[in-house]
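These are the structures in question, set out in turn.
Same chain, two partners: subunit A is paired with subunit B first, then with subunit C.
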Partner chain A sequence: MGPLIPNGVITGDWDFVIALLIGIAFGFILEASGFSSSRNIAGVFYGYNFVVLRVFFTAVIVAMTGLLFFDYFGWIELDKIFILPTYLTPMIVGSIIMGFGFLLGGFCPGTSYTAIAIGKLDGIVFTIGLFLGIFLFSETFPLFKDFYYSGFLGNVTLTDVTGIPAAWFAFAFTVIALASFWFTMIIEKHIRKKITEYKF
Partner chain B sequence: MGLLVILTVYITGRGLGASGAVKSAVVTTADAIVPIHAHTNPYYSKFISSDKSPMYNWLVFESLGIFFGGLLSGVIFRRVKKIRVERSPKITNKTRLTAALIGGILFGIGSQFGRGCSSGAALSGSATFSFGGVIVMLVLFGTGYAIAGLFKKLWI
Partner chain C sequence: MNRNYILLTILMLALATGTLFLKKTPNYNEIKPQKLLWEIIQPTRYVTTDQVAKMIINKDQTLELVDVRDTKSYEKFSLSGAINVPLDSIAATSNQDYFGLPGIKVVFYSNDDIAADEAWVLTRRLGYKDTYVMKGGLNCWIRTVIQPQQPSEDAPYTEFEKYHFRKGAQIYFTGANIEQGSAGKSKVSIRRKKKKAVAAGGC
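Let's look at the complex of A and B:
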């Protein structure tokens, strides 16, 4: 029967009430995980705090596995869910730009909203930056319109590209995630002993 | 968080997001101030429809929710305090805020090319087995590790 909204089980303006409730749950989890702090987030790149990796990887493997089970039990029609389209080159370039933004800003968009909520000026400034960045992008869009639409592969999944069934990817991600949890725990312990600039 | 992604996909057929709300705000502002320009610009005009404001959008309501959810958690865990800047003791507030502004600008630009940010593309995209989503996740975090040394002073 799922997904509920595309299948018309939930209709009309409930959409936005649900959006607000889902957002609240998302914001609560982000803040409670410590993501309203840019220094907690940046820790994943310096080895003193791997909370981002733990939360992110756990979310991805739980969601991947869960969706496969929902499909298996017939609760959701996976062919009706939205698959993010792939524009290979612009996506790679965009992610590199975002990588720089991440290291300089210490937030990503979602986490900066929760930083604002608890009174962080750096979160407010980051969000203003997002606004300016998207404004700059839109104003100069005609210049790189062709690039923006280049490398289009369609709304493809990992399975469409490689021919390997989705379950194998869920399994591989789970193994990689569990190995990285163990490995990063050791790194974190080791690095925390040496760092004095950051309190835990 | 994983359960929330499943629930969101189960209800709405798509995942979470965050940068889309700011995009809607930019489009709305442009449309309000210089409507002719907004309608002729090939990027803005993709998101303008005649009957509804671009703010009447799923991601805008969801992002408002992110703010209130963050506030709720902040109140419960006593992290809501007066306006302040969080930074490494090695840098000044001004450095931190400049870096945050530039970081935001880059993230804003990058998320448009990437068709989403860490929530929409990397998290929800990967969780729904999207090839592009996994690419964004790998390249975004990969770049982070590759350049971390350059910005070490900002953090530790």
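Let's look at the complex of A and C:
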């Protein structure tokens, strides 16, 4: 049956409607998980709060195993879904920059909007910075252009590169994620004992 | 330890282990037999030789002519701009890039309809859209475009229009000489009216 648009079940005009619905659901989950608080988010770097890691890992492993089962039941054709093209080096550099931004600002782009939605001042300041960053990047883009498009590998998946079936990756990732849930719980307990004054 | 966490961990582990045993069912993307049968009886899947000739002359970029005969016949004679995909290798992976391009009309032809029709059914079953068959194949092409027959005198006007188009196409494809009309050679006989005797006198 799926994916709905490539298989002609619904037309491409539904793009924005679906994007809006997913956006609302995403924002709701972010806020409900406590991602509108920069302390919760930055906590992962200091070891007192691993909610970010847990929420994202949960989302990843549920979606991953879910898609594999959906594919098996014939509800979605995995060969037809869009895979983001890989530009290896720029992506590594980009994620390091993103990580620093995360650590310094206490938000990622998505969570800063949920923070604005509940009226947080640091969220507003972060978003102003975000747009300044976008503006600066756009203006100086010609300088990075060659680097930005370097290391192109195509629309590849780990299965394409290594030849190992997707199910093995899903299994390995699930084991790692579940292990990290329990491990981070221990770290949290340990660190929180040391923190004398701490409020979320 | 929270009991819910333990239960959820076990559930997730079981699901992830389950993915290891999923057998990948081959997905042929075939269209439903009823739909295929319905499409087979539709005349819309045919294009006439005139339409193909017009598209070639207009250098229509959306036309992709596919010669499904064997390579030998293709090398001997083929329509201009046609590519050769022999019928027996039409489902080969290396040939799949020719079909299913957005906005491109694939027109199959062979010496007659039969091989082209088979190619059409095969590609349609593979799920490709916008595929057509040149009605009558190359035999019809020769009859209509290369050697057009003059319609009889009492034929409707549209037949003459078609004939004139085919003559034009013949010149385009074969470089045949433009026929000189015989109008210049025939003598125009002038028939003079006999003078009528005018009544003289009178009033």
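Assume the second predicted complex is superposed on the first by the 195 of 200 C-alpha atoms of A that agree within 3 Å, B and C clash if a C-alpha of one lies under 4 Å from a C-alpha of the other, contacts with A are read in each partner's own complex, and residues count from 1 in each chain.
In this section, contacts are C-beta pairs under 8 Å (C-beta built on N, C-alpha and C of every residue); 3 or more make two chains touch, one makes a residue touch a chain.
Being a predicted model, the structure only gives us computed values, none of them experimental.
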Simultaneous placement of subunit C and subunit B on subunit A, clash or fit: fit
Touched partner set for A:Gly12, first subunit B, second subunit C, both or neither: neither
Which superposed partner A:Gly74 touches (first subunit B, second subunit C, both, neither): second
First, second, both or neither for A:Ile61, with subunit B first and subunit C second: both
Which superposed partner A:Pro90 touches (first subunit B, second subunit C, both, neither): first
Subunit B versus subunit C as contact partner of A:Trp168, first or second or both or neither: second
Larger contact residue set on subunit A - subunit B or subunit C: B
First (subunit B), second (subunit C), both or neither touched by A:Ser36: first
First (subunit B), second (subunit C), both or neither touched by A:Phe181: second
Minimum Cα separation, subunit C to subunit B, after superposition on A (Å): 12
Subunit C-contacting residues of subunit A that also contact subunit B: 61-62
In the complex, subunit B residues that touch subunit A: 1-16, 18-19, 21-23, 25-27, 29-30, 41-44, 58-59, 61-74, 76-77, 79-90, 96-97, 99-137, 139-148, 150-152, 154-156
Subunit C-touching residues of subunit A, taken from the complex the two chains share: 61-62, 65, 68-69, 71-72, 74, 77, 79, 167-168, 170-171, 174-175, 178, 181-182
Subunit C residues touching subunit A - in the complex, by the definition given at the top: 5, 9, 12-13, 15-20, 22-25, 27
Complex interface listing, subunit A residues touching subunit B: 2-6, 10, 15-16, 18-33, 36-39, 42-46, 48, 55-56, 58-64, 66-67, 70, 75-76, 80-88, 90-110, 112-123, 125-139, 141-142, 145, 148, 153, 155-161, 166, 169, 195, 197-198
